[in-house]
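The following pair of complexes shares a single chain, chain A, combined with chain B in the former and chain C in the latter.
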Partner chain A sequence: MTARRLPSGGRIDRSRTIRVQFDGRSFVAHPGDTLASALLAGGQTLLARSFKYHRPRGLMAAGVEEPHALVHLRDGNRHEPNAQATMVEAFDGLKSTSQNAWPSLQFDVGAVNGLMSRFFGAGFYYKTFIGPLKGTGFWMFWERLIRRAAGMGRATTLDDPDHYEKINAFCDVLIAGTGPAGLAAALAAGRKGENVILVEQDHVLGGSLLNEQAGAPSDTWLSHAEAELRDLPNVRILSRTTAFGAYDTEVFGLVERFQDHVRAPEAGKPRQRYWLVRTKRAILATGAIERPMVFAGNDVPGVMLASAVRKYLNRYAVLAGKNVVVATNNDSAYTPALELAKAGAKVVICDLRRNIPAGLADSVKKAAIDLRLGQAVLKAEGGKSVRGTYIVPVDSNGRATAKGTRVICDLVAVSGGWAPALHLWSQRFGKPQYHASLDAFLPPAEKGAFLCVGSLAGAASLQEALSQGHAAGGSIGREPSLSGPDDFWGRDLMPVTVITKADGSTPGKAFVDFQHDVKLADVDQAYLEGYVSVEHLKRYTTSGMAADQGKTSNLNALARMATLRGMEIPSVGTTTFRPPYTPVAIGAIVGHDHGLYFRPTRLSTIHDWHKENAAEMIEAGAWLRPWYYPAKGENIRGAYIREAAHVREHVGIVDVSTLGKIAAQGPDTAEFLNRMYANGFKTLEIGRLRYGVMLREDGFIMDDGATARLGQNDYFMSTTTANAAKVLAMAEHLLQTAWRDLKVHVTTVTDQWAAIAIAGPKSRDLLTAVTKADLSKETLPNNHLAYVLVADVPCRLHRMSYSGELAYELYIPAKSGRKVWEALVAAGAPFNLKPYGTEAMGALRIEKGHVAGAEIEGRTTMKDLGLEAFASSKKPFVGSVLRKRPVLEDPKRPSLVGLEIIGNTGAKAGSLLFSLNGPTKGHGEGWVSSTTYSPALKKNIALALLARGPARIGETIQVVDFLGSQTLQAKVVSHHFFDPEGHRQNG
Partner chain B sequence: MLRIHCPVCGLRDETEFTYGGDATMRRPDMTESDPKAWVDYVFIRDNPRGPHKEYWHHVTGCRQWLIVKRDTLTHEISGSYLAREVADLADEVAA
Partner chain C sequence: MPAHGVTSDGAAVVINETNLGFLTQLAGWARFSEVADAALRAQSLSLSENFRVTVRRGMVTAWRIAPDRVLIRSDVKLSLESSDDLAVLDLSEARVCLTLEGAGAAGLLSRVIALDFSEAAFPVGTFAQTALHHVGVLVDRPGRDQFTILIPTTWTTSLIGLLTDHLARAA
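Right after this comes the complex of A and B.
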């Protein structure tokens, strides 16, 4: 292959010279080049090594369908693998390197795989890793080596320095593709005043018109069309943008490579943008992709698609070879053949057909082209570059009928017909229709709000493409009129793309899927082994599963299977395309939603105080909460034990603003609560609080919390931090469906109230000092509420205890949370007030035997957790029937107990429980749910669920942590470790 | 991504909603004590291929529960209603 840049022509800016690098070598290029055209112009024909056999590969295509030329781009933290050289715009200083080759592209040790190909055929993994040597260990050992040998590029492990953004957009019509059909559609729709988004993956508009010789008549129309569109304020043109996904209800995913064509994005600009576009209708003008032929050596560098050869010639002024063999089964390869001859190449055409249109025959004769009808390329010869072809006469099945001739050449331009790029259409609607005369699958002309136009819809001429686009856009203004080459591929196509010897075999490796190295023989083998459905064929051979998703291989694989099965192509079927059409960087999909910004972080209004006072914070759902407040040099264990002990001796405050809070209002609220909670709520008086347990419909516990009755029809429910959203959604569901007879409104007020728990023997004294209110035991007994002023802020004071101490919860208008907290801290000095975090709160509640999220984890019932006494037998409630299912009443179910750990080491949550003298195998008789050191008891304790738990109090059991290989012994006790009578909280 | 018409808020992205399951199920009366009725309601579902009625909760919008007629095969949505405004949930929606 002796490619070179022609002295004139092309659509490149020759006034400027830029340099690009490949494997350390520098190449001259011009703005307008791609990396591929620059390398080709510089004579670099070897660009890659193949996936499995490490065969030398060059360029086959000039666009999105390129299967071979995957390269590494850039270096350092901008290093990027698997870029298609054909899709990379050349810019000055662009660095690229080859991938999947060692030690070098020129000499690659992995090529030895080619000699072993009979072992690496279809189903290699399945066959090798089952049988005598099966097993995960065996696979994992080999996987590392196999992945290293067979593969694609390497990703960087460094952080991406660039940022990506997401844009939501809306339009009346989204048009994908700016070839003639897409532009005609955009003009008509734009003139109509529709809000248009026009998407083009290239950096310039024009699509296939750019493959015409510069100065062609279509250029004038193209520039006028673009100027008119750019003048229309209702038309938004997105170039360097790919519509990669068509989703339900006319939603499209686009990726805009906004700053990929420069060394590094300009300051403040995103590298790529992810667009989510909602449109009323869509016009797809995505064109068609030329289909290669399958013959021995069809992957040798220098075997290219005829349309790609034409594009390199006309758009980039690169003549890809001097001696060209054009192999075709249709008319469309004649235009490139004639243009190559005109540019000075010696051209031989071998056409499978015995007859071609008279006009074509005349023009090739005039151009002194050697035309061989009824012949095909049986084999392309050469290693790192094509040296010649072996051309044979063939029958109507593509089988050689006689000996052939050897033709020396340095370029083979192939056309096996065309495949409309119906990927976006297929993503939405699945199976397209097969048209036998075109040997192609086409989308139906119209489907819902989707219109397909141009080559995608099988348009037979440039004029037909323009007319289709114009009509789809709304037929506003004059219909564009242009004449193009009369070379429609579908006119007299001979639907044969596989060329074999008379016996049906190929004299060498003939590839169906280039990127995954799937050979014709692999398809045959899949057939012989019974993998005959297209879905099995795809997965067994991996044909169509590479990064190019089979853009050049799907039809040839299907056609071969159809031949083997003696069926027509439509009976064999076709696979469905899935998004994305072309690879999309994960960074673009993620945008800014990563790390801390993955989801919103909810902060209490007291958050800043915690940070200023050196609190360690912990995530609790979407919230950040104070975990503990370490003294100097103190670790978490030291801190929580000190904080918990302090609460029992003096007084502590903890920020509980994260609790879910729901206002339930209306005349039927008491009945509503009575149905929602397992315990009775009808008798709750105004000014009183009641703890409640709530079940799911299936009878398991969902949540617990206290509800306050504030007025005749006004209740204030609290939920755990984790379940607030779930409880509200269930309440809304029931009230809006099954319980529409109840006049109740529920609304979240979580964000409206800050909340502080004040706990400890001195809490009443502190609050009395701060509020100047009478909070005596007689005025405000446990489970009562009062309205108080703290630092002039009106607050509501609930007397209730989670820690087991004399305790209160103060509800404060959210904006005054910090003010009230600081007022408490200021007034607390004489009472030795200290803040405490969630870790100490957990220790206190475990000492008290209160359940929390580790016990209410979705698999436990009221009976399991010893909460049976709260369940009313006088009324039905959510889950009241199903909680009585026999299996849930089984006394062998693990039930809540306390554990006193023997020795100085605490148990790990999740440890399994076993009888003292029994074997420690299997899932055990229960598990540890919550664990802590108890400063009050001065020992390690835990809450656990143990089979027949309450009946085993007094027994000693084993506590085994299989992850940490720790075995402890523990005494089973009541989970009410501390002050079981509740003297302290009721005092 | 689906776009769902909310009778209160208009056409909105699916991401604003949470899926609430089969809307053809009718919750037994609160006084129902037969476990079978509750097992049917909680656990037993058809898995229709084609037209279906589903609950969707406009959870980051107006917080209304909708009944959406959706084709499980094509994802086509042919109607959406406020659950609270459908006269008899099981019968009306099944029609």
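Right after this comes the complex of A and C.
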């Protein structure tokens, strides 16, 4: 292959010279070049090694269908694997390297795989590594090696320094493709006043018009069309943008390579954008992709699609070869053949057909092209580049009928017909229809809100494409008129793309899927082994899978299977294309939703104080909560034990703003609460609180919390932090469906109120000092509330205890949360007030025997947790029927107990419980739910659910942590470890 | 605050946290329209039948957020009382008011909310309840290049961070 840049022509900016690198070698390029055209112009024809056999590969195409030329781009933290050289805009300083080759592209050790290709046929590792020995060990050993060998490029593990963004967009009509049909559609729709988004994957508009020689008549129309579109305020043009996915309800995914064409994005600019477009209708003008032919050596560098050869010639002024064999079964390859001849190449055309239109024959004759009708390329010869072809006469099935001739050449330009690029349509609607005359699958011109125009719809001429586009856009304004080459591929096409010897075999490897090294022989093998369905064929051979999505392979694989099965192609069927049409960087989909913004974070209004005071924070659902406040050099264990002990001795405050809070309002709220909670609420008086337990319909506990009655029709429910949304949703659901009879509204007020728990024997003294209110036991007994002022902020004080201490919860207007917290801290000095975190809060509640999320985990009943006494038998409530199921009443069910761990080591949550002398196998007789060191008892304790628990108080059992290989002994005790009579909290 | 910046399109945006004032929710049942309308008329407002149109009179704004709920923002505390037909709830502390102003305001919102912020689809004087990074918010458009967003108080820091993360910050 002796490619070279022509001294004139092309659509590149010759006034500027830039340099690109490939494997350390520098190449001259011009703005307007792609990496592929620059390398081809520089004579670099070996660009890659193939996936499985590491065969030398060059360029086959000039666009998105390129299966071979995948390269690494850039280096360092901007390193990017698997970039198609044909889609990479050349820019000064662009660095690229080959991939999937070692030690070098020229000499790749992996090429030895080609010698063993006999063993690497379809499904080879299933057959070879699964099954020879018992068990999965043999396969799992080899799987690691296979996975290491698989893949193409290597991704970097360094952080991506660039940013990506997502944009939601809406339009009346989305038009994919800016070839003649797409532009005509955009002009009509734009003139009509529709809100248009016009998408083009190239950096310039024009599509196939850009493959015409520069200065062609279509150039004038193109520039006028673009100017008009850019003047229309209702038309948004997105170039460097690929519509990669079409989804239900006319939603499209686009990726815009916004700053990929520069060395590094400008400050503040994203590298790529992910557009999520919702459109009322879509016009697809995505063109068609030329089909390769299947013959021995059809992957040798220098075997290219004829349309690609033409594009390199006319758009980039690169003559890809001097001696060219054009192999075709249709008219469309004649235009590039004539243009190549005009550019100085010696051209031989071998056409499978025995007759061609007279006009074409005349043109070929005038150009002194050697035309061989009824002949085809049986084999392309060469290793790292084409040296020649073996051309044979063939019958109507593509089988050689006689000996052939060897033709020396450095380029083989093939055209096996065209395949409309119907991927987006297929993603949305599934399987298209086969048109025998075109030997192609086509979408219907109109389906739902989708219109297909141009080559995608099988337009037979440039004018027909323009007319289709104009009509699809709304036929507003004058219909464009242009004439193009009379070379429609669908006219007199001979639907044969597989060329074999007389016996049906190929004299060497003939590839169907180039990106996955799937050979014709692999399709044959799949057939022989019974994988005859197209879906099985695809998965067994990997043809048409992954990044390539079968752009050049699908039809040839199907055609071969149809031949083997003696069926027509439509009877064999086709697979459905899946998004994305082209690979999309994960970064583009992620956008800003990573790191700190992977998901939203919820912060109490006191959060900043916690951070300023060195609190270690912990995630609790979406919340960040203070976990503990370490003293210098203190670890979590030291901190929580100190904090919990301090509360028992003095007074502590903890931020409990995260508790779910619901305003329940309306004249029927008491009845509503009565139905929601297992215990009764109808008698709750204004100014009083009541603890409540809520069940799911299936009888298991859903949540617990305290509810305060604030007024005649106003109640304030609190829930656990974890279940706040769930409780609100259940309440809303019931009020809007089953309980339409109740005049009740529920509204979340979690954000309305900050909350602080003040616990410890000195809590009343502290609060009295701060509020100047009478908070005596007589005035404010347990489960009562009062309205107080703290630092001039009106607050509500609930007397209730989670720690078992004398304790209060202070509800503060949220935006004053920090002010009140600081006022308490300031006033707390004489009382030795200290803040404590969730770890100490957990230790205190375990000591007291209060259940929390570790016990209310969706599988426990009121009976299991010793809460049966709260359940009212005088009224129905959610779950009241199903909680009485025999299985839930079984006395053998694990029930809540306390464990005093024997020894100095604490139990691990999740440890299983076994009888002291029984076997430690299976699921045990229960499990540890919560565990802590108790500063009050000065021992390790735990809450656990143990079969027949309450009946086993006093028994010693085994506590086994299978994950940590830890076995402990524990004494079963009441879960009320600390102050079981409640003297402290009621004092 | 305020945070000045530009979107990747170069359009300027100023994000600012402003004083919400008072926010009151009225909720009711079968007679809600009648009862709420009477309550609103006492404030020189009326109950909108449209769930996208903002009702504004002076410093008082009302949004019909559900068939049986209306949200009222005011600069002074409204004297509204709950009854057997009307539930009045103070939510002044539950929301933070953010304003986005500038030529890039709509573009910035289109990067974080799946709504059409064109003037045709989201005209001045309308509002929408939607999700911003999974958090329920109310977006109001008082001016062409001006949006007001009511954000639940405890999500504010995170959502402001996300919005400003989308901007190249001006010095």
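Here are a few things to note about the model shown:
By definition in this document, the second predicted complex is superposed on the first by the 975 of 987 C-alpha atoms of A that agree within 3 Å, B and C clash if a C-alpha of one lies under 4 Å from a C-alpha of the other, contacts with A are read in each partner's own complex, and residues count from 1 in each chain.
What we mean here is this: a contact is a pair of C-beta atoms (placed from the backbone, for glycine too) under 8 Å apart; a residue touches a chain by one contact, two chains touch by 3 or more.
None of these values were measured; they are calculated from a predicted model.
In the superposed model, A:Ile953 lies in contact with neither chain B nor chain C. Of the two partner chains, chain C is the only one touched by A:Phe170; chain B is not. Of the two partners chain B and chain C, more chain A residues are in touch with C. Common to the chain B and chain C contact sets on chain A are residues 276, 278. Interface residues of chain B, counted against chain A in their complex, comprise 1-3, 13, 18, 20, 26-27, 30-35, 38-39, 41-43, 55, 57, 59, 63-65, 75, 77, 82-84, 89. For chain A in complex with chain B, the residues that touch the partner chain are 247-251, 276, 278, 675, 697-698, 725, 729, 732-734, 736-738, 740, 876, 881-882, 884-885. Residues 6, 8, 25, 27-29, 68-69, 82, 84, 87, 89-95, 107, 110-111, 113-116, 118, 120-121, 133-135, 152-155, 157-159, 161-162, 165-168 of chain C are the ones touching chain A in the complex.
By the touch rule above, chain A contacts chain C in their complex via residues 165-170, 195, 258, 267-270, 273, 276, 278, 591-593, 596-597, 599-605, 607, 623, 657, 663, 665-667, 711, 713-714, 743, 745, 747-753, 813-816.
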